[in-house]
């Protein structure tokens, strides 16, 4: 799903840079003789790398910020001179974001709220008609002004900047998303058919982690805490 | 403008492949492990090459059909194994179009109606939810079911296939389009300022071709015929 | 050796697509204006990636099927839009193989028979004059109609499809194969010279795994079972 | 046809570098850790560039010799650091050929015998088991020891070097060659159908050049001279 | 020579960005996690394209300014997303130059003084420790503060910016420059040997243009004017 | 720092190939029609890969020698046909070095002296005016004739070959080097500020390894031995 979301983020961002959708009327990759858009991607994991690939492919100038030195080296190995990587700190984020036409929030901290990397003060320095897409908005997001929206009404404006914050971006391309999801879950479905639920759970610990209730007991610690019932291990 | 239109055609096509916009819900470039979209581009001139560049960049499988052998060789030189070129004849068009997810009409015949390359019979073989973008719709287009639409209401369906036929596609990205247009006209504007209109027209025959009326006379043959006034050379 | 075999598979496959060798007379990469060959590679490990590299280099359309999501993402990172990766399941294999001109079996399961991915029923849907190369034929192969052949008589036909099933493909390029083999074994030879056999075996467990007899005893479990003598640990 | 021949030259050359076919047993592109083959291409026109593309794609080290400065610059633009271009003079040819594993003669002088670039003395410096493919052997070729052979018996040895000199290389891939030929001749066939032969000849001077006899007279100067009949203009 | 000079311009520029040579201590291509240098190239002809190739290869961010739309499109075809092209006008030059770490003047107007594109006022906006290389300094250059220097003392500072203005840059790499020069002049030398001077001049008009004196008369109009002797045609 | 040093090695090497700096006057990447330089890199780790990237980018022919098969495969994945990898043994080193114009020593054995790969006898076979840069000269280096030099007097000649052996190459580009260093140390500085020294050392064992004295005791075994004081664990 991360790969779908990362690629969609650029496709959506390019679309909302169009004038009638509220953007500054910039073609993301420009054409020969005109300036091209600058895409700033916060986070160089799977989401960020997928976004970078499409942004480069559409001809944009691309900057990825991350703190993982090996990951940044890998991205430069793979994308060569078409990408710039910067250590993610407030100074670099500030400088990059001020020149950005499209900003993608791609910071995912598993099981935790993403840190806020862009706040309202920094937002005020972003040019009107720029676009921000926060891929992790449903986990808190890394842009303080991002609040979840829907496919029906996907964008709103803060300080002149287009905010696109649909949590379920892959839902727009169900053909691809369903296949992608099935590719990684098919093994578990097969094992349940062949082994039955209990033995499948024993054989695949990863599958067991997805069990929320079992035999009338709540087996997911987070869910138990959230709805106020006792937790019990599988 | 051709370069803007060609690049926009893929951006728009990818967007209308989204499910809620009527498309088949396919992410144009797919993700690892899922099939990617097949883009068929009719015509390998500036529009077609610009479209091909973005389609390749978004990760699609790309086929360009043209009749100019040297042009096709150049496209393969520049894009390498990421593109397939096919001689444009009814057999190849038919085979390619039947497998296409996104079809771009990029055939421009200066001063003439583009030939019809896709008719209603062939259309019936295209999968539902596929998208057709005819860049040359205002010059007649090369797809028989394409009729001009507007940015407000850009698409309609024929036989389950999304038709996007906005004649003024560059109008969606005025920042880029204005610069692109100015880049090629600035020289003339400067020469008029420096030389005055008459000497500028003498010096630049290309500029003189753009004069429609002069000293009360109609100096454009086509316009004269269209509105029924006598034509007179500049 | 896997890298030699993978690269040879495409070189051999392109050659047997020539008409006088029984193929359909297709140039693997085509030329501008003609369709190019479609290469389907079953398995994206070292053999499959090596095959993909050469197939892309010769200008073919390339599809690789695998079940490892990370491996497929790596292949797309490295080869970009020139490759398509698909999750390896019967549905995707069936669809890909029906459109293939050259099929490479590159599925290796260490110490086990490769699963059968193409059976006679699927074979009947492959176009006459297509070519199949099963790199793992000596480990059972993944194509049911593949049986080992020799460099002297390397191919045969089943259902109109050329089968190339020489188990020892690297044997055709001994200059390269010997160097490749020596590169990974030289360390062991040096250690035996310097340390003597016993200490070398102690220092390099990987080397010890290659010992079949020692001091009159059979020290390889598989060999012992196969020839009916008692097994004894080194 | 030039594009087919250029690409075939590398495919054939790689195959005849195999040991059992008389070559030195070298895999053209090598594998990581072993040296790769060095391909020297005499002439950087359509044949040479097509050969270069495939040779690079197969992982070889590629040197192209030509005298046209603009053409060499274009090849470096398109192929980047993967190619070396050298001015074609006896000194450079000698140095390059002595280090070559595969030599492709791709010098075509329309209507004239190609100059001899490799003679027997230079041949003696080429390593045994190397391969030479002279694409223009039917127009005299540029390698003095090349004499036309056939698909049935395509190679012979001189001084330990494999000579592949089949004049009709595209004949091995008739599917591709027929399409390639048809793509450039279809227009003429159509015009003859629509206009009749006489008017078609008037409209297309290129077509008229192909007429050898007309109304009982020989209309091709070369043919007339060769068979000793009077020549008469169309 | 233009190709040598363009490539040298980047090599020299990268070197003078080193701290002990007066530059700002920036590695032109940066490393993963640090910002890379921005190279602005004025002019996209042979010099500019050669400079762009090396700058991209060293990992810099590259902007080329030119007025020729077709040339800019070609550069984007060849270099893809690794280059940005901008129409060369005062506004774009000003914006690009203010952000540049390395500026290359590559504007050559045959037989005329290059226009001044960077004057002292614009220079004052360039960051200290940046480097300017004016390839055409011996034809007047396009940077007003550039005056010819020598290989012994190649640089000086104006307003904190390193100026490298050696007219004969190819002189630093005589091995390459001599070969490059010989490649384009060898034909004339051969023709003089074979035909004698007079017939060679007749056959090659380009050669005749290089004759300054003949039979005691001055045959070069510019030279005649410059030294005050009568001019006489060859 | 390894990435800075690797990239600097090629920049410096290209510069010292210039004639007035003692080199053979060769432009590293050549120009179309002239031979390009051959760069031989001993070691394919981070230093070697960084050097390879820039050498390829400048248009050179690049050979990397290493003993790690997976690393060499990765380099070919990433750099494709623009690089050759060879197993590092005396035979391959000898053959490669004899043809080299620029040799980069990039062999780093953590905590140990690098092995000597080029001795005086092999040096005598290297062409005059070639350049050697030993990145690991401060750890003993892998070229026997390399002795540390300074930025003020960076080179000397042995047997006609330019030796560049400045241990602190990144010192030439302090802007980039400081950022690169800070990117990997900032985390520790922050933790000391937040936690105090003691708790920071407890939390980050890597940080503790850098402590040389603590509470009046010497806590670094090597330093203790070197200056003759008792060693005591932190």
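Lettered A, B, C, D, E and F in written order, each chain numbered from 1.
Heads up, the rule we're going with is that contacts are C-beta pairs under 8 Å (C-beta built on N, C-alpha and C of every residue); 3 or more make two chains touch, one makes a residue touch a chain.
Note that the coordinates shown come from a computational prediction; the quantities given were computed from them, not determined experimentally.
Chemist: State the pair with the higher C-beta contact count; candidates are A-F and A-E.
Modeler: Greater number of contacting C-beta pairs: A-E.
Chemist: Tell me, please, which of B-D, E-F or B-E gives a repeat of the A-B interface, judged by over half of the contact pairs matching in residue number.
Modeler: Repeated interface of A-B: E-F.
Chemist: Rounded to the nearest whole Å, what is the centre-to-centre distance of subunit C and subunit E, using the mean of the C-alpha atoms as each centre?
Modeler: Roughly 52 Å, centre to centre.
Chemist: What is the distance, in whole Å, between the centres of subunit D and subunit F, each centre taken as the mean of its C-alpha atoms?
Modeler: Here the centre of subunit F sits 45 Å away from the centre of subunit D.
Chemist: For subunit D, which residues are shared contacts with two or more other chains?
Modeler: 3, 29-30, 32-35, 53, 56-57, 59, 69, 73, 78, 80-81, 87, 179, 183
Chemist: Which two-chain combinations touch?
Modeler: Pairs satisfying the touch definition: A-B, A-C, A-E, A-F, B-C, B-D, B-E, C-D, C-F, D-E, D-F, E-F.
Chemist: Can you list the residues on subunit C that touch subunit D in the complex?
Modeler: Touching subunit D from subunit C are residues 3-4, 7-8, 11, 14-15, 17-20, 24-35, 50, 53-54, 56-59, 151, 171-177, 179-180, 183.
Chemist: Taking the touch rule as given, give the residues of subunit E at its contact with subunit D in the complex, in rising order.
Modeler: Touching subunit D from subunit E are residues 3, 46, 49, 53, 57, 78, 179, 182-184, 186-187.
Chemist: Tell me, which parts of subunit C touch subunit A in their complex?
Modeler: 67, 69, 73, 77-78, 80-81, 87, 89
Chemist: Can you check the complex and tell me which residues of subunit A touch subunit E?
Modeler: Its residues touching subunit E are 29-30, 32-36, 56-57, 59-62, 66, 69, 72-73, 75-76, 80-82, 84-87, 92.
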